[in-house]
Structures are given as structure tokens and as C-alpha cells.
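Next come two complexes, and both contain chain A; in the first it sits with chain B, in the second with chain C.
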Partner chain A sequence: MNELSTDNHKNSSSLSIKDLLKKVFFIDLIQGLFITFNYTFTKTITERYPDDEKWIPYKRFRGLHTLNRNKEGKELCVGCELCQKSCPTQCITVIPMEDKTGKGIADRIAYRWEINLLRCMFCGLCEDACPTEALKLGREYELASFSMQRQIRSKEELIKPQPIPVEFEGGVIVRATLEKGDKEIKVKPDLSVQKRWW
Partner chain B sequence: MGQEEIRGLLPVLELYLSNPLVIMMLEILLIFIKVVVVTLVVFSLPLPLTYMERKVAGHIQVRLGPMRVGPHGILQPLADMIKLFFKEDIIPSKADPWLFRIAPVISMVPVFAVFATIPFGDKITIPFINYEVSMYISDMNVGILYVLAIAGLSVYGIILGGWASNSKYALLGGLRSSAQMISYELALSFACIGVVMIVNSLSLVDIVKAQSGWHWNIFYQPVGFVIFFIAGLAEINRIPFDLPEDEGTLGAGYHSEYSSMRFAFFMLTEYVAMVSMSILAVLLFFGGWNGPSFLPGIIWFVIKVVLCIYFFMWTRFTFPRYRYDQLMSIGWKVLLPLSLLNILITGLIII
Partner chain C sequence: MATVKINGKEITIDDGTLILDAAKTAGFDIPTMCFHARLSKLASCRVCLVEIVGQKKLQPSCVTPVMHGMEVLTESPVVKSARSSMIELLLANHPLDCPVCDKGGECELQDITFKFGPRQSPFGDNKRRFNEEDYILSPVIVQNANRCIQCKRCVRICAETVGVGVLGSIERGAKTGETSFVREYLDCDHCGNCIEVCPVGSLMSRSYRYKSRPWDLKGVDTVCVYCGTGCQLTVQARKDEVVRVISKPEEGINNETLCARGRYGYSFINSIDRLLVPMVRMGNTLEPTTWEDAVRAVRNGLSEAINKGKKIGGIASSRLSNEELYLFQKLMRGVLKTNNIDSGSRWDTAAVKTYAEIMELSKGGLSIYDALNTDTLLILGFGISDENPVTDYIIRRISGNKKMNIIMASPRGMKLDNSAVLSIRHNPGTEGVIIGGILKLIYDKNINSLKNLGGKDYLKDLSKEKVSDITKTAWQDIEAASGYIMASNTITVAVGSDVLRVPSRIEFLRMLIEALRILGKDVKLFPLFDRSNQRGALEMGVHPDILPGYNFIDGDGLGADGIIDAASRGEVGALYLAGEDILSDFPDGVFAREALRQTKFLVVQDILPTETTEFADVILPGSSHAEKDGTFTNGERRIQLVRKAIEPLGGKADWETICLVAKALGIKNMEYSSPSEIWDELAGLAPMFAGVNHKKLEPDGIQWPCPDIDHPGTAIMYTEKFNRPNGKALFNFREHIASAEVPDDKYPLILSTGRRRQHYNNGSMTRRSNAIFNQWPEESLELNPFDARRFNIKDSEKVLASSRRGEMEVKVHVTDRVQPGITFLAFHNRDALTNLLTNDALDPVCKIPEYKSCAIKIEKLNGHK
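What follows is the complex of A and B.
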């Protein structure tokens, strides 16, 4: 308290002519006005997400699971159930089956492969456990839906090719269009029109 | 109807217009039309102004402002208006119902009444019939006095609204606004007196006419203008001085308890007050509708008023809010003596 009062006293006694002129001509206020005026004409940093633009994450992003095929188009998943065993929240269900038709890379493929997204915490342990690199966490992150049933995703959907190719580097904002379906709302990206976010 | 027929009708029309009774009827009709037009325009002004304010705010803060309703969010104010219409109109159970209902109207009527004497341009002549129409509802010989007096009445609505809501925040907002209005009204009026002394008339039309040919009052009364502007900011409760609706300490200030259309009336009052303060600044200091002759006077007038409103919005998103004791000390210790000194020096120079 004492220090404060001495400080005030010092300030009032050392009020120079320059400070006085600064106050009289509102120099500080005018400087402030110029700063905000400059900001008015700088480019805005708003990402117009659902309407026009969408953020494409980096490759390392952990989003919705994908099941992959090898170059010949054979399913990489061998139904080993390691992902199911490694899952901390036990949200993965794998039922393997014998298959001699050559759909997969081995004689054993997944008969059912289901993930319950309501329980999944996207830790990526299943991805680490997978011996054939069949399972990857993809870049899909719009997971809201109109029904609970939709939150259980099965192999038939996850094995489809991804809308964003694996080679795509990510980390950019691209042009997008908002699409409303019966089950969910999706923002469809158009990778050809890009804009760096910084 | 061909050109020939119109020409043939003209003498008849002129004869008709020379009848004094017809002229009187026309004058009354004309005043009625002017009142209706001005009221409608002023009523619809808050719509573009809210949009402008939000866009200015957005771009100053490096964002976009409203974008989703219509192209570039241009229909946003309409959506807001519809929302306000259909919201529930709550009257707090312990509020004074009669005062609570009438307070928004009390604050709204004076700001509209101000427009009765504000001139928007010089006389214009309607072609063919050579009939002169003035661009103001009435040219009072005490115009500026009338404007200041009526605009000051609007504070009653704010105080009553704050009192009737039976809420401590609303009451504090109302009290603050009454103290603020009283202290800054003085400085505002004294700043106007400097202009009145130069022009030798209280009529707003005469004040503007005296400034024709770049003899704008801001060049003769710079100090007066600064005082007028600062006091004006305080009068219309805008940001460096918006203590009656200080969100940080008072919730929303005097309109905390209001919702729906009654709240919209308070908003309307605020925006119309801002417009009338900008118009007053333009009339008194920036030469009203005077300007280079390649544009008509009314356009110059609108441009100047819009720039002035933009400046009000610009300051709102630049400056922080003053503390209450700072507000009072600026009003009484700086602006009031300075405006008195301004009057004294103006008087000495004129003599």
C-alpha cells in the first residue's frame, strides 16, 4: 500500500510536457484506433467449416477405423482377434472363419468385425496390435448420427476405400460441401481446392 | 399519356396550385407524408445497423461476423427480428407491471421525436409543377435546443425500466445512466453553444447554411467538437462510457429483466439515439448536406452520417470501458471546465 502511494506520487510529479501533449491530443487512443483499423482489412482466420471449408487431418490422426486390403485386393485381416484382446474398453468384436476362396491373404478371415464407437476412445492400441497392418485408424472424424445403431460399424463398411486417399499428406483446409442424409450429416471434401491453414 | 398532353395539362395544374386552400391542403398532406416516411425509415434503421455493427466487430477481431443467413449473412437482422417477436415476454413477478410495460415506450418516443426538427437536405423542387418541398418536417427557430431537450427525456425510460424490474443490477444500471446523462448533458450543450455563437442562430437549417463552402464548424471549433463527441459517446451509452449496461459488473444493466419485444424497443432506442447523435455531429460540425456538387446534398449527408456511425462502432471495439469514478471525473473535472473555457474564448474572438 505504501509503495503504491509513493509510486503514484512519483508519477504525478514526473508528468512531463511530452506526456501532457500525448494526453491532450489523444495520441494513445488514436494509435489504438489505427491498430484496430488495420485489423479490419487483414484476412480473417475463420474456418467456414460445415458450409464451405473442411480441415483434413494429418496422416497420424486417429479417427474412424479402417480395414485395408493388400495390392492384389485381398483382405489383410486374418481374424486373429488380437485387436479384440488388446482393446482396453472391449469395444471390438471379432468372429473368425475358415475361408478357402482366397478372399483374404490367409485361409482365415474375419466373419464379423464390429466396433462400438460409443465405447471406443480412439487410443490406437488395436492398430498397434494388428500383425498384418490390416487395421488403421483413419481420418474420418464426423461421427455424429441420428441413431445409436449407426454407432456400431461393421467390416462391410470399414473395408470400403476411404474418401481421403492414404497418400494425401493432410494438414490443410479444403473446399467442402455440406450433405444431409437420412442417417447422418457429412461434409464432403473436395481435395483439389486447398488452402494452408496458417 | 404523351408529352403533348402533359404540357397541355400544366397550365391547369398551375392555376389549381395557386388556390390558397389547395396549397394549404397540400402542405398538410406533405407534412403527413414526411412524418410517415421519416418514422418508417428510422424504425427500420436498426436492422442494417445491427448487421453493420456485427460485421465491423467481426472484421476488427479478424473473424467474419454473420455469414450463414443469406449471402454474407445479409438476412441475419431479419432472422433476429423474427426471433425477438416470438420469444416469451416475461414480466418478473415482483416487478411493477405498469411501469415495466411503459418504460421501453417512454425511452423510445423521445428519440423518435428528435427527428421532427432534423433537416436532411436543402429544399428540392419537384419538376413540372415547380413545387418546393423542404427536406425537414419543421424548421424550428430553437431547433438545437429542442433536440437536446427531447433527447434528454429518453433517460426517464431507462431509469424507470431499471427501477420497475425490481432487480439490483437493473436498478444500478438505471442509476448509473441517470448520473451519467446529467453530467454529460451539460458538457454536450456547452459544446453546442460554441457553434451557436458562431452561427448566431439556434435553427439547425441556419447552422448548416452558415457552413456552406467548406466553412465547416470543425475547423473553427475543434475543441468544441472533441467535447461534443466525447459527451455524445456518453449520452448514447456507447463503449468507453457504456456503464449503464456494463456486462462485466451488472449482467446487462437496465434491461437485464427485459425480453422479447420490450427488449427490442430498448435496442431500437439505443440505435436510433446513435443515429441521431451522428446526425447532430454532422449538422453541427461537418457542414450537413454541404459538399462538392457532383453528388446531391442528401447523398453527402448520408455518407457523412454513415462514416460517423462507423466511427462510433470502431471506437466500441477498440477501447476498454472507463471506471465509474473515472467517468464522473472526466465529465465534471475535464469536459465541463474545458467547454466553459471554449465558450469564453469563442466569445472573446468573436468580439
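What follows is the complex of A and C.
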């Protein structure tokens, strides 16, 4: 290493004719601009987000939590509190209750299921702990909001299907529209119009 | 002693110790499932198998005792694989629905599977299912029989300890049916002990159903507030809501058992109608106000009474802590300069004093286990199975393991009768005469040795006929009782507070005790109290004639009955009721109501609205036992810590409120930073508590006397003989006066009143606990089948019951718990307003209203209306 650096030092100390010409005719600049110029004729890799494009992540993505139902539409969450127990940052609160109306897959359902996103680090341990596969970390990632209160999400919201269905493969950019609500800004995807980016 | 080697470690241990216990001593834990230390041995699960060197078959360590020279292996490969297979078998039919199951997180099956069990199961067959949905077994139990592992702990505890035996199962082996109710749920005590011992989630508590997980709960160890047994329990809260009460296997005299009240009577704590803000009367209504204003109003009311020279009275409930009772009596005596102070309003004040003397309360007493180390146990004047259920369990459990004659004397049948050799049924209020009869027999046979017996003259006119006539008891029973007593060397006399209601001839008890001692018998006295801190109240001096530490005085103070009496004549200027619902408690409701109306200024400090609070001029919100620190003293003089589980909902604990009132009255030396400081002050006043402080009371409490700080407390004491020399005992004899109202043709039945196992006094606390209240949603009048036939009344029929003073509609429960001619109604239910029916004739000698009985008639409703 040392030898190498002394070599470099020797070379740079004497300015050659070639280098001088390069400087005079902006060769480096032209070379750089040429690359830039070339890219204007290749596919675009940037996204027009949030105005009219949005990236849909892969299934394995760990975003906002979602509580799922089974095929018959019954709530899968049985309020077992295991997610709460497994969470390293203690941001989940589950209060179970008895329900005999058949809303859930058992007579025990979550009366309250709440997550404090300000503390969540999206590690996914809660998902691993869930015995009924009720809890998944979904593909919602636009979590900024105008109020702190909004960072506490409860079952009522999480049990609604997220805009991106579970079956949807992801890994694409789709067309989207920017929607400004009073609580937050959302970019609404239109999954039917998509383009692969590679 | 036997020397055994366990996993190579040699220990020497008592003969007959179970291998299980020996291994624990040696430091090896053997898993168990069906084993329970205080129940009979079953050895059905085989999880506890161990290898004994030299024996081919593995042995269950929970039933096999050690033998000298034995070599035991608990961790050998054979044992490990056998253990794992046994667990595999338990799991073969187990549904594994842990996420739903309420036991999850504290399930013994989960724990042992995790620790020792197989990681997978080879069984692919469908699991056996008894039920598709959990079902409600009783008002307190919900069951999922699929999870049952047939350990029969529930069956055993219900039969052996609780003594009702409503659980069972049929068939054997893999075909075993579900373990569940084999009798009607009305026979169930609703005590929940089966739930507590069930190792899995087969029997579950209804009130705790799907409320939480054990790891979310914060618990404090405290003492039950409902009766004088003083069971230790753990109140568990999730956030600020108390969600359940459990008990610990190794702590307290109750050893894991609790009764229905202790286990389920907590809902009142978070009840929505709790009194949370102070209220002051404005004209006809009570208006919410601030603490400052309320306390100022109290000060003004009390000062006015003082200035006008009117009487001031104070009645504190004996469910307040020792510290609060002490402060209350300090406020009354020290600040308001009056001895008109009492705890509870049900008893004759003078009789309480006599009782305290006869039962030698000031000398201490025995622990319950000591008292039960006896040949004959005489239980008198107490519905023990209903009032002190856990004492009943303890007696049953101990009497099951050894020879002990139990003699029960009570007007109404009860569970413990099954364990008794003799049950004497007598007319309500005639306990003293029963004792007189027994004493008479003993005296007649031992005239020579008993010639110095004090008060023997009173026995002269007590003939066999007279006793039978007053008590309505067969003379043979009394003969049998005296026979058992004379044949024993050690006799424990357990006397309950019922004798304080109709205390005539309570002196016979004093004579009987003395006579037996003269005859060379070892007499142990065991007082039974129905309220959690009744004994504490006496020890703290909440009695007109007793100063803290049992300093008896002959003061001029009035007891509760005297105060009410004076109030009815308009002589009372101010009355301070701390936690006492006098209208439900006082024998004669009509009279007490009138007395409260005549009282110029009434302060009520209570946690829940009662009838009495409606009469209040100022209401100060009280705090429940879960909201403060303090101590209770149980019947066996054990001082135990009551701990705070949640902050006082009304903002102040009772002791703080009393201090505030004192401060408002300009008193300087009644400011404390904690109950422990109050305790230290009172300990300084009474030598028997001198060495006790709050820190020292963990975990099991201390039995006084404990004269200095290094003293461990005194479990057994009281070897001295009778403190008054022969023939010189002070007598305050009262003849038996027949009930002022004897049944006649017009009102042919006797109505007696008392309480039910599931309720506590006026029921204002227990009725708020749905788990309990559901069991007796409607008060019913107990009627003997014989009378039911006589009046042509069916079970559950509604009838009109009337006395000379009032009438009420009530449902009839036909049962042989009551004798023919006697009916029973509990006083827990406000709707029933039992005390409208009771007798307002004051006992002419001791002025106590006849609480236990009056004459009534019942009529069929359809014929009447």
C-alpha cells in the first residue's frame, strides 16, 4: 500500500503534456456529458412520485401492520396477545374479549388492538409470533401525518384490507394519484396500470 | 431418618418423605401434574416417574416414600424418555388451542411440555372432543372439557376441602368422560377453588374470561376484606382495573383456597356507582363539592354539636384497617372527647366486652392449626360454613386426616355438619341455654370436684325440660355432646359472634370453660369473627369500654345501640359513620331510620351509595381495601398487611380523610405520611404490638404479642389457666328471656336472619360483583319441607310473608337446612329489606334488639291478591 501511494505521488508531481491538452479541450467533461447524453435514449429509472407514479414493494416488505380475515371473512386475530408480548419496543396493546357471534375464528377476539407506530421499528417479530397468521406487516409505507394521534392505529382501521391486495406480487411501479386529506397525504395507486422498471 | 442418594447426591431426610419432596430438598425438580400437596394422592398422570436403582419399573415419585439406602435417578435417559412419552400422551387428546385458552401463559401443561416434552407428536388421529363450544358450568365457572387431562384435582379439592363434591367424571382410561358437574350447580359453593387448582384451561373463571394474560397483570399480595379468617390473596390489576383475585399455594393460613366472596367479590372496587366526590347537603339534595368544602362542612357540623353540648357518636366499620380504626378512635376520644364509639351496629356493646373477656382475647389465643390440634371441637353460635368458609375448609381438611370429634350447634344446617359427629339444631338465640344444658350434665356428674364453680347457683333451676323447651333440642343431643366433651382431654371451644346478638346466658360459657379446666382438661378457645377486622377493631379500641391494646375501662360511652337509641330521642348532635351502613345493619331498620332523621348532623364516609348515605349531611368518599396500605388482624390475632393495588379512586384513602377532618378541627398531632407511621405510633401505646412494624409483616403476618423488634411473634401461647381464681369470676348473668315474640296461631313461624356464603352483610359490596350476585339474584325465604306441605307451598313459589310490623313478597326455597317451624332470610338484599320484618322489641336486660328472630306468617299470593 505504501509503495503504491508513493508511486502515485511521483506521477502526479509532474504535469504531462497529455494532461494539459485534456484540460484545455474539456475532455473529461465531454466524456461525462456523453454518458449523460446516452442515458437520454435509455429507459427512465426515476419515478414521478408522488405526483403520478408509485412504487409497490414486494410481498416480503415490512410496512404498516394489517389484520386479516380468513376466506369466510372471519377475523383471524384471536386476541392472544402474543404479538404484544413479542414486540421488543412494546408498541402493541391487545385487549381480548369474548364474542359468540361468530365474528372471529374462535369465541375470543380482540376488543382492542392498537399499535403505536412512533415506537415500531418494523422488525416483524410480531408477525412471526402470531399463531393464526392474522397479523402481517403490509405494504403501506406512507406513514407521515399531521398529528401524533394519527400514529396510533387501531384494529378498526387495520382490519380493513390495504389498498394492495395480499396476492399482488409487487416490485412494480404503478400509476398513482396524489391525495391530500386533512390528516395526511396519500398516494393512491392504480394497480391496473403498471410498468416494470428493468 | 433415611439416607437416600438422589442423582448421586446423598441426603438424610425423615422417613416417609415422598421421593418428590426429597428430590426437591436435594435440589432436583420433578415435574408433576396430578399431584397436589394438600389433596389425596392419585398418581394417575405418571409425569413424575423416577428410576429407583435395582427396580425394573419406574415409580411415581408423588406417592412413593423414600426408604433408607434408596438410590433414585430423576434425570436418567430412561426417566427422560418415559417422562416425555407421558407428556406426549397427555397431549394426544389435548386441543392445543393455547392462543385462545385463558390459561395460556400460566398453564402447567405448557410449562412441562416446554421443559421436558416431546417437540412433536406421532398421533395423527382425530382428537377426542366432548364439546364444540365452551360452556357455562356455574355462575363462576366456564368449562372446555376438551382440554381436561383428567388429573382430578378439581374433583378432589371440591370433595375433600370444599366439602360439596359436585364434580366428578365417569369411566376410566382413554374413555374417561369429561370431568364436570355430576350434581346440580346450585349445590356448588361458587368458590372457584377448582379453577385455581386446574392445571390446564379446562375450568376457567367466568369473570376473568378473556380479560388479559398473566404477564400483563400487576398484583399485590393483600388480605381478604370479607371475614375474620383473614385469607391472603393477590389482587391483580391490568392498568387500573382489578381483573381477578388469586391465591398463592404457600402463603397465608388459607393455602391457596378462597371462598366465593374472597375470590369474586372484587367488582365493587371498579363499580360505576362508587362514591368518588365529596357531597354536601343543600336543602333536600346532596351536591358534589370539593374536599376542602366537605371537610369544612364536617368541621362546622361537629363544632356545632360540641358547642350546643349535644352528644357526638362515631361508628366505624370493622373492614377499615387497624391504622384507620386507631385514628378514628383517636379522633373520637382525643379530639371530640367522647367515648361514644363502636364498630358495627349489630351487637350488644356490653356483650362484646363480656365475650372479649370470656374468649380471653386480651391474652392472645391460638393459631387455627393449633386450635384444631384437639380431641373435640365444639362450634357454637356461628354459621361457620357461611360466615368463614375457609375456616370451614381447614377444619374439614384437618378432620379428614385425624380423629377429632366435631360438635356443631346452630339453628340452621350447614356444610360442616357432614364432618361432625354431632349436629345440634336449636332455636335461634338459645346458644347460652345449650351450653347451660351441657354444663348442667357435667356439673351433676362431678358435683364434688366442681363444688367451687363460680355461678353454680344459676344451674339449679335449669332442668332438662326447661332446656329442651327453650332450645327445642332433643335432650339426647345435649347428653351426647357432654359425653364427647367429658371423654376428651383437649377441647376447643370455637364461639362465633352470633352469641353477641342474643347474649342472654353467655355466662354459662364462662362457667363451662372454668368447669372443664377444674376437671383438668385442656380447653382451647377459638373466637370466630364474621368481619375482616373485627378483632382489630377491638384491639384498636373502637368500643366504648376498650382502649387500644385491650385496656378495659368502665366508661360512660355509648355503643352503637346506645347511640341510635339516644339519636332517636334527638340527643345526638353529630354522628360520624365510617364505612358503616347502619340502616342495613341495625336490627330494626324502621327505628334506625327514625334515629338518623333525628340526628342533627350525619357524616358518612363510604365507598358505595347505601340507604344510609341518603340521610347524610356530608358524604366523604371512602377507599376500598385495594386502594390503601394498612393492616388487618384476623380471628387468630394475626396482623397481616393490606396493600394498595390501585390509587384511591376518590382521591383519598380513609386514613387521609380522617386526618383531614382532625386537621380541620385544629388538631396538630394527627398528620402522618403513611399508614406505617400510624402503626408505629399505636405500637408505642400497646406493648403487645411494640415489636411489630409494617416491614416485618411480610409475607405471612405476625401473631402478637411481639414485644420487641427482634421478637418473631407468638404462634402458640396461652398455656396459663383461667385468669380469675375459682368462684371469683365476675358475673353479669342474664336470664334467658324467651323471644319477645313467640309464634302463635296467627303468626306460626319463626323468622331467623343471617347471611349467605356468597354475600357480606348488607351486600353493598358483594352485590356489585356480578359473578356473585348472579348466584342469588333474588333473596328467597328458606322453609322446611314439612312446613311447605303444611301451608301447601311449592319450591320457588312467591308468597306474602308478614309480621306484626310489615309484609313483603318473597320467593320460597324449600330446604331442610332449616328446622320445621323456622324460616330463614338473609339480610344482604336491599329489595328484601329483611329488617322490616324483624323485631324492634329490645331485649329488656341488654337492650339489644332481637335480631335473630320474630314471628311471621306466610300466605299464598294468589289467594291473597
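Just so we're on the same page, the second predicted complex is superposed on the first by the 155 of 198 C-alpha atoms of A that agree within 3 Å, B and C clash if a C-alpha of one lies under 4 Å from a C-alpha of the other, contacts with A are read in each partner's own complex, and residues count from 1 in each chain.
Here is the rule we use: contacts are C-beta pairs under 8 Å (C-beta built on N, C-alpha and C of every residue); 3 or more make two chains touch, one makes a residue touch a chain.
Computed from a predicted structure; not experimentally measured.
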_Looking at A:76 after the superposition, I want to know if it touches chain B, chain C, both of them or none. Which is it: first, second, both, neither?_
neither
*Look at A:131 in the shared chain and tell me whether it touches chain B only, chain C only, both, or neither; answer first, second, both or neither.*
second
*With the two complexes superposed on chain A, say which partner A:51 touches: chain B (first), chain C (second), both, or neither.*
first
*Contacts of A:29 with chain B and chain C, given as first, second, both or neither*: first
*Have a look at where A:39 lands relative to chain B and chain C in the superposition and call it first, second, both or neither.*
first
*Do chain B and chain C touch any of the same residues on chain A, and if so, which?*
none
_Please output the residues of chain B touching chain A within their complex, sorted ascending._
56, 58-64, 67-68, 314-315, 317-319
*For the complex, which residues does chain C have touching chain A?*
97-100, 104, 133-134, 209-213, 215-216
*Which of the residues in chain A end up touching chain C in this complex?*
78-82, 84-85, 95-98, 100, 106-108, 131-132
_Give the list of chain A residues in touch with chain B in this complex._
29, 32-33, 35-37, 39-46, 48, 51
